[in-house]
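Look for subunit A in each of the two complexes below; its partner is subunit B in the first and subunit C in the second.
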Partner chain A sequence: MTALLDVRALSVSFGPGGARRTIVDRIDFSIGRGEIVALVGESGSGKSATALALSRLNEGPRCGYSGEIRLSGRNILALDHPDLRRLRGRAIATIFQDPLSALNPSETIAQQIAEGMRAHGMAGPDADDRITRLLGEVGIHDPDRVTRAYPHQISGGQRQRVMIALALACDPELLIADEPTTALDVTVQTQVLATLYRAVQKRGMSVLIITHDMGVVAGMADRVMVMYGGRIVESAPVETLFALPRHPYTRALLDCARHVRDASGHYATIPGTAETAFALRATQGCAFAPRCRRARPACFTHQPELAECSDTGRVACHFPLVGSKIDG
Partner chain B sequence: MTSGLLRRVATLPFMLLAVASLIFAIMHALPGSMIESLSAQFVSDAQRVRLMAGLGLDQPLWRQYLVYLNSLAHFDFGISAQTGKSVATMIGETLPVTMEMAGASFVVMTVCGLGAALIAVHAADGPADVAIRLLSIILSTLPWFWLGLVLIMIFSLWLGWLPSFGRLPPSIDYRPVTNFVMIDAVILGRPDLIGPWISHLVLPSLTVGLTSSGVVMRLVRSEILATMKKEFVLTARMKGIGANRIFLRHILRNAAVGIMTVLGAQFGAMLGGSVVAEVVFGYPGIGRMLVRAIESRDYLTVQGAGIAIAALYILVNFMTDLACLYANPRLRDGVWS
Partner chain C sequence: MHRLTPFAMPVVLPWTILGLYLAVAILAPYIAPADPLAATGAPLSPLFGSSGILGTDGFGRDVASRLIWGLRPMLAVSFGAVFLATLAGGAYGLVAGGIGGRTDWLMMSVVDVMMSIPLILAAILVMAALGGSVINLIISVGISQIPVFARLARALASVEARKEYVLAARAVGLSRFHVLVREILPNIVRPLLVQAGSVVATAGLTAAALSYLGLGVRPPAPDIGYMVKEGQELIFIAPGQTLLPGLVLGVFALTAALCGETIGQERRR
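Here is the complex of A and B:
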């Protein structure tokens, strides 16, 4: 599998001049053609910043990048603005979390989808038909009405389906889905996710799906990357990661998701919050160390690098778990 | 669209009724009475009673109120005690003058306010932005009459470029048809009216327009900056849309409702300003008529002018609402968020 996307030492820093904080710290990863990769982590772990950085959407006076993002060999961070504009929507498209705020309230659904197609010279005379078909494909039962509707006139689930259609409209090579089901009702989540999965499978599209929902990961992804404190701490195929998590943080996340109870009958939680990760940044150690029950002195002084731990997996931990039965 | 429109139209009569009633109440609550202002001290009590009966002032208040509403419905505002002319005629002569000036001031306010706001947004937090924010504070705190006097000093007295008094020079023979100079110039085939009319309009409309534009600058700037942070702007960038198109179709389009609301509300403030400006510039509009009527305790003229100004304000608000309905599809469906 040749990699479509290859990210090397990507850092994203954010904040006004003097008070810049690194929120994504020298991460490396790649996504193969047709591969569906999930990026999981808590709020504040840097996963959304990573997603936006891939098409430079959070770039600005308060946010800067370093490193390399190569899409089919071209470094996105080196593109000029016209080229960047041609790339956005056409090569990389993003589905945002909250479709109500992500859609323009003053334009009809058809106008908003067509605008992207026109920007890439893909509108053509049959654009209206293609939009209607696309909406039908993403599970909208009355596409003729929805094309003429404004975002507030359709339901939340329909809006997210529209958002998916909008992202698919120009057949991007890489689809980024930033928590695509978080804003939806639980009953609708599964349906929308299934729709998304069918659509990308049919197109053989590469997908980066950002989520903190392990159910989404299990249902959709080929491979999982776990992010913590601005770094990727573990990367492995879904089955391997679920069966044999190597990083204590991954293990803790899975325990939370599975509602594992400890000896006293309490649900598993991870002590502390992700904010601790940034507090530690100054001290060079592993970002998770303050919340890790397995932490030893070395964890606070040396940052572990992401290294191969098996044929398919990589982990950034000085003392990785070796079997799923081991308890911290 | 239609239901929102109809609902809005249906409120109009009630607003007019409320305004008319309020003015009636105020006129009756004021110290003194119409009789006192009409009659000199040497009127005998018997004459006074006859006069009151003749004017219907001996009737109970509710009856006077009904008679008042009935005459308003027939555009009968009574006879001015000072000029002997019908108040309706006087309003017909002066309201168009004020509408011209308010219109010109509105153009000045909109051009300066929006222009400065766009520059400020473009240079957000840069020196131009800071300068415009400062300017907006200065403009919105300047008293109208003060700016008017300064403009007269500079452009009329020192430079001698622009006239500072009246609507048209007395040397011009102008017999109004509609009282709107622009329209009359077309009807009467008198293009020579337009030049002097505009030159007389410049200083008063600059005075009112500039002082009102301060608030517009500040509010429009923050409205646009807030809209720029909305997530649909990120979606537009994600689609690969060019920056100019994003600004027009996504940012300005959605800031439009806020901008129009600011402009409409400022128009009301501007009407108040034009009363002062008309006095300063001797402009024969309804504001100057109102001030004169107050000075000479010409009750019916004060009442009529008050109603006419309020009606104009209601009309402008109504038009603002129509524009907002047009710009925002959510308002059309009655979603007020």
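Here is the complex of A and C:
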């Protein structure tokens, strides 16, 4: 099976000419057809920059890319602007984190969904019916009212459901969901995720879901990629990753998520912040080394490459964890 | 969804007066008692006299008729200039703010240069170059107001352009033009209209000032600004000659400003 999306040595850098900072550093990954991949990592790790780069949404005078992004073989980074517009929404659709700010306050829901369909010549005479059906499918109980409503007139959960409908409207091959449930309260989160999951399963759509919520990962993804300091440090099927994390950072993240306590009864934390990752990048070592309990001198001088560590998993660590089954 | 507060005085009164001004200007040929250009009585006939309710001016022309006809250039210039400035300045600012970056910087630098020239001086220059007529007044007053609208539209558009719905619109595959006109514009149009409403009064006064300086409508055509100037020379003999047109102008400026205010209030409701 060839992958739908194939990313090779993608770098994303920000900032004015002289002071460019590499936010995403030569990452490789692929997403198969119908596969749901989660991209996790803490704030500032480069997850959102990666997500936006896939349809070149953060491109501009202050942001540049290098590498290759191939969608069904076509290199997205080489597309001209008309082709890029045809691709956005049609081949790759994006769901944003905060549905209130991602919906235009002065257009009704139906107008906004129809706009995208028109842009790709998919409106047709039955567009209104299709919009209503789509809203019903994403769990909106009174689609007739919601189509005529403005974004401020519906609830937060409904807004995120509308965002999902908007993304599904042109039947994209790849759906990118950038922290789709962060802005919602916990009870609504679960329902919205379930809706999203059902909708993409039915269509056999590929999904890249960006999150820092391990619960979302466990509930939805087939495979997980862990990002740290602009690099992918571990990639593995979700069961393997949860049972046998190989990278110390992955292990630390899971410990935090599971509220593991140390001997003195304190909850597990990761010392330091992700900022230290960028400070270190000037030197050659592993970005996580300054925060890693297992770091040795080599970790500060040589950057580990992402390499196969089992049939299905890859890890970027000189001294990966082995057989450290997590208890509890 | 958008309704005026029913019959609250502060809202209804200025709009009624503004409506009256418009009605009188439009119906001038039917309601003016006399020909505004022809001498109809003895010069400087008194108010409420036999020759016209407001008497006659220094040339024996009917003052009431001249005031009524004089509303036409005043209103045409006030609204025309604001319309022009809103359209041109708004579009300019929308493009600058919506695109951002160097384009924005360059476009707004041009506006800064425009703003460094005093408004009335700019209008005088344009009028001197083009010659006096209603159309030229609209152009010169309109151009002098463009920077105000360009700056406002630019500030509003650049705030909107940074919002996530603009990113989301691009993520759906909408073109840059569509994003500017269909996504950003509807969200900045209201503040622009409020500004337009409050500038109508300024435009009216600027136009009157130009006429007063002899750069407006060519005499003997009736014009409120020019009537103020003509009457001024007779202020100790016949104060009404300058005070009446001054009153017409003042009431217009006040009501226009109040009406502009209500456009803003309606949004806050």
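Simple rule for what comes next: the second predicted complex is superposed on the first by the 323 of 328 C-alpha atoms of A that agree within 3 Å, B and C clash if a C-alpha of one lies under 4 Å from a C-alpha of the other, contacts with A are read in each partner's own complex, and residues count from 1 in each chain.
Everything that follows uses one rule, which is that contacts are C-beta pairs under 8 Å (C-beta built on N, C-alpha and C of every residue); 3 or more make two chains touch, one makes a residue touch a chain.
Bear in mind that the values here come from a model prediction, so they are computed numbers and not experimental data.
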| item | value |
| --- | --- |
| Overlay on subunit A: subunit C relative to subunit B, clash or fit | clash |
| Touching partner for A:His152 - first (subunit B), second (subunit C), both, neither | first |
| First, second, both or neither for A:His266, with subunit B first and subunit C second | neither |
| First, second, both or neither for A:His141, with subunit B first and subunit C second | neither |
| Partner chain in contact with A:Gly60 - subunit B first, subunit C second, else both or neither | second |
| Which superposed partner A:Leu103 touches (first subunit B, second subunit C, both, neither) | both |
| Set intersection of subunit A contacts, subunit C complex versus subunit B complex | 55, 57, 85-90, 93-94, 96, 98, 101-107, 115-116, 119-120, 163, 166, 170 |
| Residue ranges of subunit C in contact with subunit A within the complex | 101-102, 163-165, 167-175, 178, 182-183, 186-187 |
| Subunit A residues touching subunit C - in the complex, by the definition given at the top | 55, 57, 60-61, 85-90, 93-94, 96-98, 101-107, 115-116, 119-120, 163, 166, 170 |
| In the complex with subunit B, residue positions of subunit A that touch it | 55, 57, 85-90, 93-94, 96, 98, 101-107, 112, 115-116, 119-120, 150, 152-153, 163, 166-167, 170 |
| Subunit A-touching residues of subunit B, taken from the complex the two chains share | 230-232, 234-242, 249-250, 253-254, 327-330, 333, 335 |
